[in-house]
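Before I ask anything, here is the structure I am working with.
As written, the chains take the letters A, B, C and D, and residue 1 is the first residue of each chain.
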Amino acid sequence: MLDLTWLLIAVPLASAAFLLLAGKRADRWGHWVGVGASSAAFVVGLVALIQMLGLDSEDRAHAVHLFTWIPGGELNLDAGLLVDPLSMTFVMLVTFVGTLIHVYSVAYMEHDASRRRFFAYLNLFVAAMLLLVLADSYLLLFVGWEGVGLASYLLIGFWNHKPEYATAANKAFVVNRIGDIGLILAMGLMFTYFGALDFGSVFAAVPQASTAQLTAIGLMLLVAACGKSAQFPLQSWLGDAMAGPTPVSALIHAATMVTAGVYLIVRSAPIFEGAPAAQTTVAAIGAFTLILGALIGMAKDDIKKALAASTMSQIGYMMLAAGLGPVGYAFAIFHLVTHGFFKAGMFLGAGSVMHGMNDQVDMRRFGALRTAMVTTWVTFGLGWLAILGVPPFSGFWSKDKIIEAAFIGDDVQPWILGGAALIGAGLTAFYMSRLFFMTFHGKARWTDEQHPHESPALMTVPMIILAVGSAFLGLILATGDRFVTWLEPVTGHAEHGEPVLPAAVIMVATLLLVALGAWIAWRKYGAADVPETAPAASLATIAARNDMFQDSVNRGVFERPGTHLTRTLVYADAALVDGAVDATAHAFARTGEVTRKTQNGQVRSYALTMVVGLVIVILVVVQGGL
Amino acid sequence: MVNTVMFWIIAALTVIPALSLLFARKAVHVAMSVVLVMVGLAAAYVTLSAPFLGMVQIVVYTGAVMMLFLFVLMLVGVDQREDLKETIKGQRWIGLLAAAGLGAFLVSIIGRVTLPTADTMPSGDPEAVAIALFDRYVLVIEVLGFVLITAAVGALVLTHTPRLRPRKTQLEVQRDRVRVGADPVNKPMPGVYARHNALDVPALDPEGKPIEHSVSRVLEIRHQTQEGAEFRAALEDPSRKEGDR
Amino acid sequence: MDPINFVILASILFAIGAAAVLLRRNAIIAFMGVELMLNAANLALVAFSRMHGEIDGQIMAFFVLTVAAAEVVVGLGIIIAVFRARQTISLDEPAELKG
Amino acid sequence: MSFTTPEIAWAPLTPLLIVLGASAVAILVESFVRSPETRRRTQLVLSLVALVGAAGAAVVQWATLDGAGTVVLDGMLTVDRQSLAWQVLILVFGTLGTLLFASRTRAGEEAFTPLGASAPGSSDETLARRKGLQVTEVFPLALVAVGGMMLFTSVTDLIFLFVALEVFSLPLYVLVALARRRRFLSHEGALKYFLLGAFSSAILLFGAAFLYGATGSTSYAGVAAGISSSTGTDALILAGAVMVVVGLLFKIGAVPFHSWTPDAYQGAPTPVTAFMGAATKAAATAALLRVMYAALYGLNWELSWLFWVVAIASMLLGTVVALVQTELKRMLAYSSIAHAGFILVAFAGLPDTALSALPFYLASYGLATMGAFAVITQVRERSDEGTVLGEATRLGQWAGLGKRSPWLAGAMALFLLSFAGIPLTAGFVGKFVAFSAAISSGAWPLVLVAVIASAAAAFFYVRLIVLMFLTDVPEGQEDAIEIDYSPLARTVVAVTAVLVLLLGIVPGPVLSAFENAGVLLLGAGG
């Protein structure tokens, strides 16, 4: 069966092609073909997984040769798959969550005229994502990398009747291209230094390479990972990408594609092992993004954008773990898996809320939905508990380990990274609770035209399954270090280091911070009234509106600097990073406008350009050549 | 080695007329000067022991190519004068500078080079040329055939109009003329049936009335005609002078 | 006198021809400039041929002559086509294709 | 004096002889077949038979090649695997181009004017159209152009290079002027193309004269020998080399010798643009390769500067200006300038691998170009009364094309992705091999620029894809566009699309064939 893993890619791909080509005839039943293809891929993956579990751990890496792709004298590139515990983990995550989201979409997209096309793109995405994780060389990985980019681009822009959606798709494209350049350059460097691009040869050649070379490659890979995984400074596209249909956000922007960066880093572990500077940069970027994402999450009133910020922050945790080296790899992937469940579940929950609220996304217009949408409330609540890291829910098992691992090391590094991870946990608790309470608790703030109602079973069943996963998956996989052992053939066995603080202290501190964050959120958004319009929050008006802070010391100490910091960072994010993207695009367009004026339509000017060029060339070549 | 005097004559004969390309206003003048340049070049070829090429140059360039240019010039209006005022900003000065720079570089490059001159003169007589042409270069000759075919076809495609309408018979021409109300017969000549036979005097019909359209329209526009009535009046009243009009 | 001087002469004629293309608006004159450039190249070829004491340069000049004549035919054909369409042979006039 | 008939190895010239011979026959057909319709059919069949036959002959030559190849007539021409590879490529483009030349709209309109000599809008033009006249001369002209390009890739003598250049340029100048619609633009494009083309060929010729003067030889081998043994003639050699290279860069369309490209591409009838865009670039690249490797290899170091600067300038200018274009053919023209830059990247340092990488690159680029322009011929404007007009080339008119005609738009998207170098398309493999050739000679900064430029370039390709698939047809514009159907053009679209995909997914056989072609028979370096 392991040799048949190519079916994992081929089946969804064939289904995508079929759906695109079938035309209107397939409009009525085409989506079920999509669901079927995704489920079939899951079944293939499951069988392969079972077979792999039957093997000894050292035999679990299985290479599947497909065909010779680019033959050449020095460079011979085969298209092949690498099936090992790491890629198998992703296969299971992608196909399982993917299938649930397919099912959910059948109902969610019911009234959309192009539902068939939507499923074609979804299948295309699944195929590309599986290719990405199963590829045995950077080049083939790149194919999948571009494929998921293309598919997500198509899906973000799917509802193109609103102009801002097309803009969002464009922005995602531009930022992702920057990341792609990183990957291309990394490949170029590997090719220059090692003369090969497949994992086996590259990793075999790593010991002979100099640290500088490895650092260069590592940093380029990091750029690629940042672009795909929305890490600082390439994070700006993720929020805008929420313009796409909600199942897309759940599948691509929570569970799978955005984690490809983490996969890339973990997969390239041997390179990063040889380049400590690059590795530390990975950890630092992860730590920074986890705080940044959390702060952005506090400021958003759009439920999907808040969830997107949260995703950014959670991937920050994974990057942080991946940057810690062998102690962190397994936890990075572990958190990736649990996060895939609870975040996808929450996105589907958000979609369910929007479904019931006429596509309203402003949380200030929600409130008290727990009575109207019980299933959504319960499933979302399980996801909420999981992301908070409340024992024994999934997030606890993965996140706590990351925080603990962040405290391992020498000098100040563990204090900074660990501190960030710890504070991040508190912030997460605050903004996720804020989101939860604003949506499901407090007073109803919706208008009379809205009649919140529970979603149909096709939507709630996937949510329930994901919620069950959010609740228990962590516990199951963490028991007896099952997951860590499973990944060991790939990530290597890590010597368990000692954190600078006792593990118990860290855990208690984490839980206290989480409780504090949740409590503040309850006081402010659960028990108190939430204004229906966001309070203006420029620095000046906040200073003028001191009464906001008078009543409690708590708020004064925690809130004011927090709000300041949040607003400033969010502003900086919008102004600087988005601004930089826009400015670059503008600069290009301006340059183009100016340059096109040289093409003035006058043939004599054209001839003049040629002569001037010729004169300069002769001058330089002849003078320089003598 | 070549004759120095000859060189300077050729130099003057080529460069000076060539400058007309830049400064002459009338295209015809330019074309005629270029003919001179071509003759000068032919002389240069003869001096450089390529007599046959020199002859061919005269036949092909002055005889055919430049004549073709002249034909086309006549087709588009031989009178065309070009306003030498430059319309594109900076084009004139940058252009002159660039061209001068190009020339200066090329000259300085040649000045820097030491190339020996062989003592043996190449034989440029027709026989030597023929043998060379049909030996190593025979394929080029054959391919050149396609260049010429292309040129002929290209020119035909771009300029030749086949007969689109059937040729009119004399009868049809006549019918057409009557249909638009023109004279069924030939127009009377001006001055006919009158004492004058000058062009500016309209013809008289058998009744002695002047036929206005017998006088060229151009003269009418210029007011250089004599209207019939006035003419008769002048005849009857000798005291009135024609010039009084 | 050294035949290399003819190459210098050729370079000057080449530059004049190029200048004509750059400066003249009349398509036919500009085209004559191109012809002059080709002829300048011919002069250089013949002069070099004389210097090398062999005939190859002359032979090339023959080919160039033929090609140039063919080019004139096509070029003038295009110019006439443009003239028929626009009643002008100014190079400044057709400038709708730009940007 | 005595004359001995030269020994000519005719056999290796078979493909060439077939094409040029067919063009001569085609001219006779022009003279003797009176009915335009019969003439068109005869010409089409004749051209296709000749081109396919020639391609077959070239393949047979390849298979039965004696050793490394044959030198014809003391170095005038060299037939080796490299030149055969390019010849096959050009024959493929020629065949596809001929199909496009012959394609007609549903209403039976060709892409060419019924009468080249008539003034636009004149009664003659109307009459000629009504009478069903056709300029079937385009077929022999195209055959001559194909023959000239094939020569261009195989010549190893500077003077023959010049002649071959003119053989394929002259028909193209004429073809550009023959558009059926927007004839003013067509004339303008032809005039500009012609004047600048003649200008650049004069420059090339002057450079060839200099090289002859400095080395005493015009054959590539002689020039290479002269360069390595030169004393006191370096300046002359360098100036000559630069001018020859500039003449070829003009045909490739590299900055600053690019300015004809957008105007000629936009003005020309679209089938001509397709053929020209694909084949001229290939032929010029092949000629430049041979000149550089067989004649000027000794100047590698001196000229590398030129390639670096021109490549960077082309990539940047092409990309940046294409970003702001709103006219489709013009956008593709600027993209072709950027591609000229990508092509020149492989020239940096003259690595051996460029000899096999560039044929592949040009194959991928040319196929996508032919396909893209073939798609353009199928999207037409429609007047309020419902008559079908010329091609709709404003970007905005392509909005929502994906919904009207998913196949056509899908094929276009595929070509655009190939231009952008997205994996699983031929363009990706092409860029990959070309850039790795450059890296192997240490030109990684150039590759860095190339990667960034191609990333930026992807933006405007994808913009069109977004327009086609993610944008709705503007309100009230539903009837302004007509999707035409021409079986011949559709064939071209289908064939190129399949090839672009195949070359992207299983490029192996073609790559290894070109690998074999990567050796020059008379190479000074490669």
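In this text, a residue touches a chain if its C-beta (ideal position, glycine included) is under 8 Å from a C-beta of that chain, and two chains touch if they have at least 3 such contacts.
Just so we're clear, the structure is a prediction, and the values are computed from it rather than from any experiment.
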Which of A-D and B-C has more C-beta pairs touching across its chains: B-C
Central chain (by mean CA position): D
Most distant chain from chain B by Cα centroid: A
Chain A and chain D: spacing of chain centres that average the CA atoms, whole Å: 43
Chain B and chain C, separation of their C-alpha mean positions in angstrom: 18
Chain B and chain D: spacing of chain centres that average the CA atoms, whole Å: 37
Whole-Å separation of chain centres (CA-atom averages), chain A against chain C: 63
Set of chain B residues in contact with two or more other chains: 88, 91, 95, 98-99, 102, 105-106, 109-110, 113, 115, 128, 137, 140, 144, 147, 150-151, 154, 157-159
For chain A, residues that touch 2 or more chains besides their own: 596, 599-605, 607-608, 611-612, 614, 618, 622
Numbers and ranges of chain D residues touching at least 2 other chains: 116-118, 159, 163, 166, 170, 173-174, 177, 191-192, 195, 199, 203, 213, 235, 239, 262-263, 325
Complex contact set, residues of chain C against chain A: 18, 21-23, 25, 30, 91-92, 94-99
Residue ranges of chain B touching chain D (in the complex, touch as defined): 105-106, 109-110, 112-115, 127-128, 130-131, 134-140, 143-144, 146-147, 149-151, 153-154, 156-162, 164-165
Chain A to chain C touching residues, read off their complex: 596-597, 599-604, 607-608, 611
Touching residues (chain side chain A, partner chain B) in the complex: 600, 602, 604-605, 608, 611-612, 614-615, 618-619, 622
Residue ranges of chain B touching chain A (in the complex, touch as defined): 88, 91, 94-95, 98-99, 101-102, 105, 109
